[in-house]
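The following pair of complexes shares a single chain, chain A, combined with chain B in the former and chain C in the latter.
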Partner chain A sequence: MSKYEITIGIECHVQLSTKTKLFSEVDNDARGKEPNSCVSPVDYALPGMLPRLNGEAIKFAIRAGKAMNCEINKHSRFDRKHYFYPDSPKGYQITQFYHPIIGAGYIELPDGTKVRIEHAHLEGDAGKLSHFGNYSLVDLNRVDTPLIEIVSMPDIHSAKQAHDYCKELWRAMVYAEVTNGDLYNGNMRFDVNISLAKEGAKELGTRAEIKNLNSFRSVEHAVEYEYERQAKILDKGEKVVQETRGWSDATGKTTPQRSKEEAQDYRYMPEPDLPPINLSQEFIDKEAAKLPTTPKAYREKFSGTIASDTLEILLDYKPLMEKLEEITNLFSGDIRDNGSELSKEPRNDGSDAAAREKTIGKISNWFASVLLAEEKSAEYLNDLPSAKQLANLAEMTEKKELSSTGAKEVFLRLFDPQMKIKEAKEIAKELNLLQENNLDALEKIVDEILADPATKKAQEDFKAGQEKVIGFLVGQVMKASKGKANPSVAQEILRQKLKN
Partner chain B sequence: MDTTDKQIEHLAKLSDFSLSEKDSKSLGKDLESIINYISQLDELDTKDVEPTYQVFEMENVWRDDEIIPQEASREDLLALTKEQEDNQIKIPKVL
Partner chain C sequence: MKIANKTVTATQLVKDALEKAKHFEEYNIFTFLNEEGALRKAAEIDAKIAKGEKVGKLAGVPYAFKDNFLSPEGPTTASSKILSPLVSPITATAIKKLEAEGAIMIGRTNMDSFAHGSSTENSYFGPTLNSADKTRVAGGSSGGSAVAVALDIVEFATGTDTGGSIRQPASFNGIYGLKPTYGTISRYGVVAMASSTDCIGFFTKTPDDMDLLMSITAGQDANDLTTLPDYYETSEIKEVKKVGIIKEFDNDSVSSELKSALNKKVDQLKKQGYEIVELSMPALKYALAVYYIIVPAEIASNLSRYDGIRYGYRSDNITDLESIYTSSRNEGFMDENKRRIMIGNFVLSSGFYDAYYLKAQKARTLIIKEYEEAFKKCDVILTPVAPNQAFKLGEKINDPVSMYLEDVMSVPINLAGLPGLTIPAGTGENGLPTGLQLIGPRRSDKTLINFAKELA
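Let's look at the complex of A and B:
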């Protein structure tokens, strides 16, 4: 069987989270609202209605473009793309066919691969149809929700890369704060073009387009399926048909879709109702400066401190990265709280950096393995503990004032509405989790245990070389200290005493 | 069927119109004469002329991103449709 190289290009529709729609002054957020309750005569395309362009959508597009390292075109304009279907009462979609607002750029994948962006343009979304027995129902709430359609170059060559590209694009848009990024509700939809060619062939094969995928996993699985399907056709010496296909998560298969039109003939023409957009460099620069820290910048910043698999998990949660950034800032610059444990001793830059790395390391692990494992983690993400609370908890753990189990317990309590107003130390005290590190006090307990005739045999066994008996003795110390002794310190003292 | 007839049929299909042969013929005639009339423009050399997208010299006509209550209510708008069900517009099955 011959080997094929797969080539993939992806078009992605992103719903922008502006307050109003692209061309009318009605609510753009129809989540949980009644059908046809967020509509205007413009959305119904009543005769004589004029679209009025939402200036905020232009600003969002600039930020989105900058998040993908794209050129922003100073001159752009709108066109009509005609098609007849009940999801669009106008009979056409207002889009930017000839002069899009966002030019060429790229998205960098976690593995360093650059996927070039051909361009991206602003357009209005279509309405929603629900199909029943012998009729369909139309909800126009989604009509003219602003979209940007992002068109990639065919730079993707595996199912995994297709998955990673979609996810990185999603992160870029969410971090740029241009979309709610709720995939389940269709805030981002992917159309994936897939073709196969013999390895080393100069020309691309015939492509199939898989439309309307709404999860990274569907994208990955659809690509895997298409590879197998097209490879089988090519193996037989037959030709792949250029067509649009749909994906079913349930069957794990793509199937040919009947096209909306007999032949695609959109009869594009300039939109006469919307004057062109001519942006000054100052305007573009001002909006570009508002772009928040990108996922790529966070990745670069934390890649030395946080293990890459943990970092890739955390990067899916913007609030967590922002919190880690905030914690980092506790260690450098002027953000020092007088009452904080962290600021009590003056540190030089070297030890500050080391302490910062340890703190970020601990907290990132708690985020990934404790917080995200919680059932209510989504809720918790909206209201994280303060940077100081978290940094103090990390410092207590570092000083062994808390066991790792104790630290996790206190960490979770920091999300408890009743507890979260308190500092980590207070919570640890209340929960009786503080470890006994006081050497004199510990030594006293150890002496008591060793003086207890009940431990006499264990002591003799240990001295005779039975290493594991130490566990029993540490256990006795822990019991006597009501669990507050630091077990590793207790063990050290025990060994010291038993040597003599 | 000549070219014009085919084009009329194609356009009618794209717009989901059903046209009688008679209508198609007369429409074809009308369109043909319109196109012939406009074709006079082909005589001009427009190589270095920028296409005209609009006749008003306007640019950057934007509005603020503020929700404005609509005068036409949801009920008013739904009442304009031929048929409705559960506050949605009811149409013949399309899929």
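Let's look at the complex of A and C:
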């Protein structure tokens, strides 16, 4: 097989989580509701009904646009895109074909690649069809749920990048709080355009469009499959057909759906029932200011503190990043001086920044390796312990009041609805996990162990140079302290005493 | 108009109206008679009056509305097969406002199916006959409403005017008919024809009645984002001094009866001391072509929802999804509907959009500008509504182009969004009514109505 350069552009539909639909006052959240129960006469296209424009959707679009570093167009308007299908009660979709609300911008991938956004526009979603034997049922609950369709430039050149772009876009939308981001339920759907050209070729090859992918993995696998498929065709000297293809997760293959010749003529026309949207700079700025911290900003902020692979895992969970941000804030400004335990305790190193980094380091590791490994993690994410609880736990560990195993145990208990009202220290005490750091008390135990004739031989062996024996002695101290002794402190005292 | 009070009961007014409606049955005016509902409402109003309770400005006034208005009273068919049966859960904003003032709907009136036509011959229920000559058309598309008022069955009736559908039948039947400024009365709950030109308006016997109905129904509606902020009640009546007449409309296609009606009116105006200004408006010759591009495009789009899936007519000849659409639409729409759907889809199709639709929109802007220029020279414009009086039934129905030409003088103001008021201009030597229209700048509706009073 020859080497080909792959070029990918992605269109993504994002369902906005506005309270009501784009053109009516009906509930936009149909989760768990009866089919056709969230439908107004406007949505099912009773004659004489006219669309009303949901102002919240405009605000969401501004936030979404800003989350992609996009220009927001002060002037935009709606158009009608016509097609007949039972999922489209009006016989047309109200979209923005000529003048979209969101202009050019970009999404930056974790590897620093910038994928340019061509534009993004507002439109209404279609209904859902279910097919049974010789009949089909229509559910219009989803009709005119607000969508933004985000159109990328063909700046993506590998399956991995396609995956990363979709994920980064998903993060951007979730962090901007414009969508529930539930991929399984179709809150974001990807159409991927893929073409191959000989390396160094100036013109792009003929593209195929893989429609309606709803997971990052499907995107990645579909691109890999298409590369192979198109490369084989080109190797044979044949031409790739411009067409729409579907992807099956089950077979791992794309199959043709509609060729260019069969493509519909949508007969676009300006929507005469909706006046143009004219936004003032003031209004745009006001909404843009409400954009919460972006994933990119979090990445930049924590990249020095959290290992990049851990950080990339945590970035999938907005609540965790927010919590880390909150914890960071404990270390600066007024919060530190509010009389909390954290602010009262003097720090070993005296450096706020260093303490902060250690705390964030510990907690981010617990998040990634303990919390996310838990079966109930999804549930836990909805209700995290307070920043102070977590920071206190990190501090206790730092001060060796807890072993690392003990810390993990207390950490998990902090998510337990029964326990989370308590402070970390209280939980550690209840679980009997506090380590003995009191030097006098430890010295006493060590003295007792060394005085015990049963350790005589071990002491002699150690003095004769058998390093390994120290472990046995530490073990004895631990046993005598019922596990509460800090083993490293115990070892230090033992070495000191045996040296003399 | 007669309003119910202690001596004249609403029940009596409604009974009289229903009786007349039945008397004139052969005119085929109504698609639905609201006997039971109307009498029930009349009794309610009479009870209120008897108790001395406050009643509305239109208490007990019998009226009719065009069958493209939605209301749970009777089936809304738009005189089509594809919409029958449709009983609406919604009441149109205009109807709500009228009924809140006590008006009582005694029937839904016949129209060209989906308001496509200029004669009410394109109705699924057959044509309505002209009030002055039963062998002639009522005009259209709001023919039923015009004849209901002209025959004095009701005090007023609603209509819709997309290209002349109120003004032309008003003129064919010798009554007043107003197409307000675009966006004055909410379109919510009215079966759409062409969204950017559709206007709700009325047929009345006097300008005073028109003023009353406008003050009740005009106003911004959150359910119709194209409505203008309230202006009617507060708008100032401008004193009319200069009346414009359009040079280009004085041509061979205009009948001698209409020419003489216009000349008589001009002479009257001169005698009354008005200045007559001759206007040249060359862009108006494009109006009909522009109209028959933009309007069919919007029609094709607005009629897409009639697909036999959720309501209305569904064909029995169904084998698959495609045939639900093709058979239901083919059997449910009338020829004129199909003609306009085809024209509309053609001009919107990819590759033709720029050449037709976009170009038409540019020409539309020229027409708007030409009116703006004209109103710098005069206060109102006076023209015929249509080149002819009511024509014979069947005369033009098989010649769509000659039927479209009937709209040549009425469509320009729909494209420009201006108000136009048909005023009766006497009967011609042939005994048929003639009408003329007063046209004013946007939001000059009240001035037009007031001027009509001066001319009456």
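Note that in this section the second predicted complex is superposed on the first by the 484 of 500 C-alpha atoms of A that agree within 3 Å, B and C clash if a C-alpha of one lies under 4 Å from a C-alpha of the other, contacts with A are read in each partner's own complex, and residues count from 1 in each chain.
The rule is simple: contacts are C-beta pairs under 8 Å (C-beta built on N, C-alpha and C of every residue); 3 or more make two chains touch, one makes a residue touch a chain.
This structure is a prediction, so every number in the text was calculated from the model and none was measured.
In the overlay built on the shared chain, the residue A:Y135 is in contact with chain B alone; chain C does not reach it. Once the two complexes are laid over each other on the shared chain, residue contacts for A:P86 go to chain B and to chain C alike.
Look at A:V26: by the touch rule set out above, it reaches chain B but stays clear of chain C.
In the superposition on chain A, A:A231 makes contact with neither chain B nor chain C. Residue contacts after overlaying the shared chain place A:I313 against neither chain B nor chain C. In the overlay built on the shared chain, the residue A:E56 is in contact with chain B alone; chain C does not reach it. After overlaying the two complexes on the shared chain, residue contacts for A:L498 are found with neither chain B nor chain C.
By the touch criterion defined above, A:L450 reaches neither chain B nor chain C.
Note on chain A: of its two partners chain C and chain B, the one contacting more of its residues is B.
In the overlay built on the shared chain, the residue A:G48 is in contact with chain C alone; chain B does not reach it. According to the touch criterion, the shared surface of chain A, contacted by chain B in one complex and chain C in the other, consists of residues 41, 44, 46, 52-53, 82, 84, 86, 91, 136, 138, 265, 267, 272, 274-275. Residues 18-20, 25-27, 34-37, 39-41, 44, 46, 52-58, 77, 82-86, 91, 129-140, 261-263, 265, 267, 270, 272, 274-279 of chain A are the ones that touch chain B when the two sit in their complex. For chain C in complex with chain A, the touching residues are 68-70, 76, 78, 83, 86, 88-90, 92, 187-192, 194-196, 222-226, 297-298, 300-301, 303-307, 309-311, 321, 325, 345, 348-350, 353, 357.
Residue ranges on chain A touching chain C, taken from their complex, read 41, 44-53, 80, 82, 84, 86, 89-92, 136, 138, 265-269, 272-275. By the touch rule above, chain B contacts chain A in their complex via residues 10, 13-16, 51, 53-54, 56, 58-68, 70, 72, 74, 77-78, 80, 85-95.
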